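All chains are identified by letter, namely A, B, C, D, E and F, in their written order; residue positions are counted from 1 within each chain.
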Amino acid sequence: MLGLSNLRRVLLAVSFFLFPSFGVADELSGANTAWILTATALVLFMTIPGLSLFYAGLVRSKNVLSVLMQCFTLTCLMSILWFVVGYTIAFGSAEEQGPFIGDFGNVLFAAMGVDSLNGDIPAVLFAAFQMTFAVITPALIVGAFAERMKFSAMLLFSSAWLLLVYSPVCHWVWGGGWLAEMGFLDFAGGSVVHITAAVAALVAALVIGNRRGFPGTPMMPHNMTMTVTGAGMLWVGWFGFNAGSALAANGSAAMALLVTHISAAAGSLAWMACEWIRHGKPSVLGIVTGMVAGLGTITPASGSVGPAAALVIGLCAGTICFFATLFLKQRLKIDDSLDVFPVHGVGGILGTLLVGVFCATDLGVFSGLGFGGDNGSIGAQVQVQLIGIVATFSYTAVVSWLLLKLVDKVLGLRVSEDQETEGLDIVLHEERGYDIR
Amino acid sequence: MLGLSNLRRVLLAVSFFLFPSFGVADELSGANTAWILTATALVLFMTIPGLSLFYAGLVRSKNVLSVLMQCFTLTCLMSILWFVVGYTIAFGSAEEQGPFIGDFGNVLFAAMGVDSLNGDIPAVLFAAFQMTFAVITPALIVGAFAERMKFSAMLLFSSAWLLLVYSPVCHWVWGGGWLAEMGFLDFAGGSVVHITAAVAALVAALVIGNRRGFPGTPMMPHNMTMTVTGAGMLWVGWFGFNAGSALAANGSAAMALLVTHISAAAGSLAWMACEWIRHGKPSVLGIVTGMVAGLGTITPASGSVGPAAALVIGLCAGTICFFATLFLKQRLKIDDSLDVFPVHGVGGILGTLLVGVFCATDLGVFSGLGFGGDNGSIGAQVQVQLIGIVATFSYTAVVSWLLLKLVDKVLGLRVSEDQETEGLDIVLHEERGYDIR
Amino acid sequence: MLGLSNLRRVLLAVSFFLFPSFGVADELSGANTAWILTATALVLFMTIPGLSLFYAGLVRSKNVLSVLMQCFTLTCLMSILWFVVGYTIAFGSAEEQGPFIGDFGNVLFAAMGVDSLNGDIPAVLFAAFQMTFAVITPALIVGAFAERMKFSAMLLFSSAWLLLVYSPVCHWVWGGGWLAEMGFLDFAGGSVVHITAAVAALVAALVIGNRRGFPGTPMMPHNMTMTVTGAGMLWVGWFGFNAGSALAANGSAAMALLVTHISAAAGSLAWMACEWIRHGKPSVLGIVTGMVAGLGTITPASGSVGPAAALVIGLCAGTICFFATLFLKQRLKIDDSLDVFPVHGVGGILGTLLVGVFCATDLGVFSGLGFGGDNGSIGAQVQVQLIGIVATFSYTAVVSWLLLKLVDKVLGLRVSEDQETEGLDIVLHEERGYDIR
Amino acid sequence: MKMITAIIKPFKLDDVREALTDLGITGMTLEEVKGFGRQKGHTELYRGAEYVIDFVPKFKLQVAVNNNLVDVVCEAIAKAANTTKIGDGKIFVSELEQVIRIRTGEQGEAAL
Amino acid sequence: MKMITAIIKPFKLDDVREALTDLGITGMTLEEVKGFGRQKGHTELYRGAEYVIDFVPKFKLQVAVNNNLVDVVCEAIAKAANTTKIGDGKIFVSELEQVIRIRTGEQGEAAL
Amino acid sequence: MKMITAIIKPFKLDDVREALTDLGITGMTLEEVKGFGRQKGHTELYRGAEYVIDFVPKFKLQVAVNNNLVDVVCEAIAKAANTTKIGDGKIFVSELEQVIRIRTGEQGEAAL
């Protein structure tokens, strides 16, 4: 009982090689529980304070609190929604799960008790760990519409989005849904988290429009030290995100931690090199953005590849996301304010593709840990990965667009011009970020 | 030997249902040790940097370092005092423990070696974990007398308070003392930590008096981003506080983590809603204060209730602490500067009461994990909870008041008017918080 | 296979008493894995954001990003270098290891798979844990040449230094090298980390020369709150550093955590007392510096001493490092800008010596956990410790000096006078730390 | 020579700076100030403590000019800074007796 | 018209602002400045490096007024800002040739 | 009396302050300002968004002096602040009608 079965199916489909004996794991593993307790704390740490500092440092000081407020409120609201119904949409409660959404047997976690297990960890722990993913994904979108969206509209949009986009896609991939059935590989959320968030971000940037003055007026980060602090926290927390996704304290978790670290480092250095070559000087904003690219890109692959492949993945991530950012901003002139799409979206897509290559076990030093499901070749795996990318991309794009249009009708998406000029902190929250004398 | 027995007694009395087999746990559990090592780090993280940032952001910039200094110095000094004698007052060293204080066999942790166990974790680990609680409790009080207390007076008061208030009360509840005997439920410190700290805070605010200019002069938080950062850290660290209090990596810890998270989220949203309705705008200071209320309130209950009850507890916490804060500040005009009492005190009392209700196992979706000790009904349990609240409240109030008066005699509690105007950072520490150009 | 054997040798030589049964530990321990996964995250957390904030707050605001950038880039670059070749220089791949460096069998971690073990934890986890040490050590040096070194020169120097200083010394002490053979005690890096970094720092300060205007011009910390935040993070992360060095979740780890905490607290209070007595006022910069002294000093001893000894070690650390700092700055007028040598170097030496005393088991309440290797008396152990100190000190001094001279030839070590006046953030990175209105 | 001091809305700085450089003005000095006037400030609310902030952020721009430029400069600023909303600010003109360029020691109009 | 510039202690701002509004003054401009004078600054000590900070934080308040108000305004400020302790600050008065309200283009006294 | 206003490079403050105290000047007021002039600013680049920052940080130092001191003070400042590089700044001199010391109510030269 207890959402255990559906997890099993995922594990079976996606990463069966990791848990050779999970079929008999009906006893609690204290060790795995210890690690997932920690990992849950680490993933929460990624959103608050990690991501919220990363983002908040990048906006102008008149909007700093609005960003912190959005991230914080999403942490609360998404948690409650996940508890009430999001979890059960994604993971359901019964042994057998449908291809598109779960069942409603775990509304309010009704089918879980203190002794229930999911695999060999407490069922409520699995649900809480997943809750932190359901928190950070909508929080990532915040970067796209920062400095101009109404707080109320943001809450309404995010709530609907969690239930109508995140939860179903999560079911497809991790809840025993149709992508899981195909042996689609996404260890820690390249598609579930990064593609969905980034596509929603792109759509939101397009629907809500550019900030006043973009791109002419300087809109400098108001506190780079805050952004770099948040970046460090993201890196640390990401160990919980990726290595926690092993749901165990074992070699797989350790390898996930290692490849995560290496890809982050490689992504950072690649971005730094691009900047140094192209602009003449390396910047700290550049290197931390490369880090996020490296981390986002390794995420889907972190359970399937080895460290040498992670080096390649990280280098590709840093380079490609660098040029994607320039392209979106300078060519397309889309004000995805904190560059959510070119970093998380491009990275998420790239990683979800590359895992299809580097999971292969016969690539010498670049070998990985094996294909997903019944896939028997790089070609087959890459095809499945492509299907997954296209499906999550287009589903997210369509539903996000509809939701934004709807919210615009109901509440209006954007503050007035004067309010935007004055800044959201005073206008929406009657507070100021700093009063330093 | 080794403080093991008294812990056993607590566990027996308070939460026997969690450890069905602790009686035979004479071997080290690596898994539980791994989690409590982590939890210890997390609780330390709550004080430094967590709480210290949360508090420091709320004062004026001329006093920012004084608050950081107070929290940091308390971390050091309380740790040493706990090591020297505080621990043994609370937990003693022998199998049988008296009702009011422990024995003195563990002065300087004399009765613990590297191989000693307390339950199934190293005895020194239990002592270190508890040390982090002995650190944060006096640090919480700092919020009440911020911006005006002498540093030396603060040190003297806190030292005496740790030994004369915290350690004994800790013994009553967790050290096998009289409240433990009654089946009083306080999983992670609703009374031991929050009520004691908050009552001392209220008494301190009354004894030391309002800040110059309160309530007329604006005394705005000088750095809300710092406060929100600290808030995020507190939330994350609180997982160690509450789920660590299970002293094991098991279902109980997982459930504690989950209910902690849900109550934090619910408390935040409730406070936000109150503010939004009453003042027209939700603020980030509001939502993070609601978070603290939700966390403080679930603390005593986190080992005894389920997630649906946590939702209710959190919503009550946010709402009631909101109005308590307004009442204290606007009506009573008491300058409990950072609102320690209305948040931690009211929350601690509320949670200590509500656990008496929601621990019951027959409340449908709101069911909990069972009564404490021999208590057999909600009525009986609530009565015990009330006795615990009244006892800790009044004992703390009286002793804190005496100590403050004494310290005032010996050293003087308060800096001079001119010094208060100039700010404590320069006056007491010859430093300034910021020199940003 | 797998670098397992050499680790075993170290463990055998250095801390054989901790792992009485490691000889048969050929199965993965989930509990130990859980803790070392966490510890790895904690040590990374020490560098980013911990150390980088600690350091960055101490420089002038025009150079804040340059410090953050250096720490961040080192995190990336050292990780990759460690992965490529540093690890195998330090730990090799074969059972038998030479006295001076490892072998090259683990280039690109070639000899480790997902299932390989090192002791009873995954081999890749041991390598990743050690990677975080290889990151923070060069990052410590940054404090010496802050505010004036070229970014490119810093990268080149640090890279060469990692491979030519850190990795070999790491081999001597932890990789089964000649110092390990002698029973040299250095649990978590008093010599490997702190002495090497601090000696390199001193040499760097001398070679690159004082900052313009030192010591006449005020060069105040631009953001003490940042420094205190970083300090708190360092303390928390240090639990991973020291208690993680037990490579297990057991009594040894717990004891390491406890003595680390006590020494940090004692070092802080000792420094505070010195300042209070000597200068009339205690400062928050003082107390956090005392904390670093206490932590650095206990590091080599953290696996070998008890809590009462830790109290003594911490008190010595705070006092002696306090006077060392004054001496270097006021008498020698050496601009080791963020006082790396007097804190980490003096502390590292002191701790590496004192462990030779306090590891003895017959000192009453100050007893420790036993001598290293075949050493049978305090005298013998202290002699070995002295040999280790002198060897790591002089080797590091000579090689660091050569490398700095070389880099100066190739790239130039220092920015121009005008650039130094303008500040490295704009000049080297085209960014500014703050744009707060 | 005259010193022209303009208090303007912060987000109008770019427009004003442009208008001035269009007139050939090559130097000016900027300060962040807070203004009190007809334009209302805002309220801040922290846990039930309500503070009315009367002083709103403004920029103060100072330009030293030759007498013959005073009118055009004032006009240019007034035009560029105008939003027709309360709080647009003021321009103050006062006499300047002497100007010295530190680098060269030049004095008077040559120093502008 | 005159420009009255007062250097005052920061915590006296509210008193001074009130005194001025009591006189019917509706506009003023505030800057954060650092003052050097008879009032001693303080010492800061960072790990043995001692720095003497001579410049103490002050507020500079500027009010443009009609000639007939100069004396009462100066008096009001002097009274409100006085603590009888060194460092209370100074009031400077200088001639103002022209004032323009940007929003309306009004000039002279009408613009105040 | 005159008000001497000097715009200088920030790192020259100590030199200028010393030069003034050497002349017996005991009071002055300092502001952080941004200057626009011949001295070029710098470029900042954030993820491909390039911003040219024209305004460079300067200090503005104001000293009220007796008429007889104007020339020596100006000279002293000009000498101490000079680096012979563009951007060294300017000195402005203007008439001061009245000075009042708040603490004592002293007026005119006695208040300096």
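FYI, contacts are C-beta pairs under 8 Å (C-beta built on N, C-alpha and C of every residue); 3 or more make two chains touch, one makes a residue touch a chain.
Small disclaimer: the values here were computed from a predicted structure and weren't measured.
Student: What are the chains that chain C and chain E both touch?
Tutor: Per touch definition, common to chain C and chain E: A, B, D, F.
Student: Across the interfaces C-F and C-D, which one involves more C-beta pairs in contact?
Tutor: Ranking C-F and C-D by C-beta contacts puts C-F first.
Student: Distance between chain B and chain C based on Cα centroids, please, to the nearest Å.
Tutor: About 33 Å, centre to centre.
Student: For chain A versus chain F, what separation do you get between their C-alpha means, in angstrom?
Tutor: 52
Student: If you average the Cα atoms of chain E and of chain F to get two centres, how far apart are those centres in Å?
Tutor: 18
Student: Roughly how far is chain B from chain E, going centre to centre by Cα mean, in whole Å?
Tutor: 46
Student: What positions in chain F touch 2 or more of the other chains?
Tutor: Each of 31-32, 44-46, 94-95 in chain F touches at least two other chains.
Student: Multi-chain contacts only, two chains or more: what residues does chain B have there?
Tutor: In chain B, residues 29-31, 34-35, 38, 220-221, 223, 249, 279, 281, 283, 285, 430-434, 436-437 touch at least two other chains, as defined above.
Student: Looking at which chains touch, is this a line, ring, star, complete or other?
Tutor: Chain contacts: complete, every pair touches.
Student: Can you list the chain C residues touching chain A in their complex?
Tutor: Contacts found on chain C: 28-31, 33-35, 37-38, 40-41, 44-45, 47-50, 52-53, 56, 64-65, 68-69, 72-73, 75-77, 79-80, 83, 108-110, 114-116, 121-122, 124-125, 127-128, 131, 151, 223, 226, 249, 428-437.
Student: For the complex, give me every residue of chain B touching chain A.
Tutor: 29-32, 34-35, 38, 42, 60-62, 220-225, 228-229, 231-233, 235-236, 239-240, 243, 248-255, 257-258, 261-262, 264-266, 268-269, 272, 279, 281-285, 287-288, 291, 306-308, 311, 365, 369, 433-434, 436
Student: Once bound in the complex, which stretches of chain B touch chain F?
Tutor: 437
Student: In the complex of these two chains, what residues of chain E are touching chain B?
Tutor: 11, 14, 42-46
Student: Quick check: in the complex, which residue numbers of chain D touch chain E?
Tutor: 2, 6-8, 31-38, 54-55, 58, 60, 74, 77-78, 81-95
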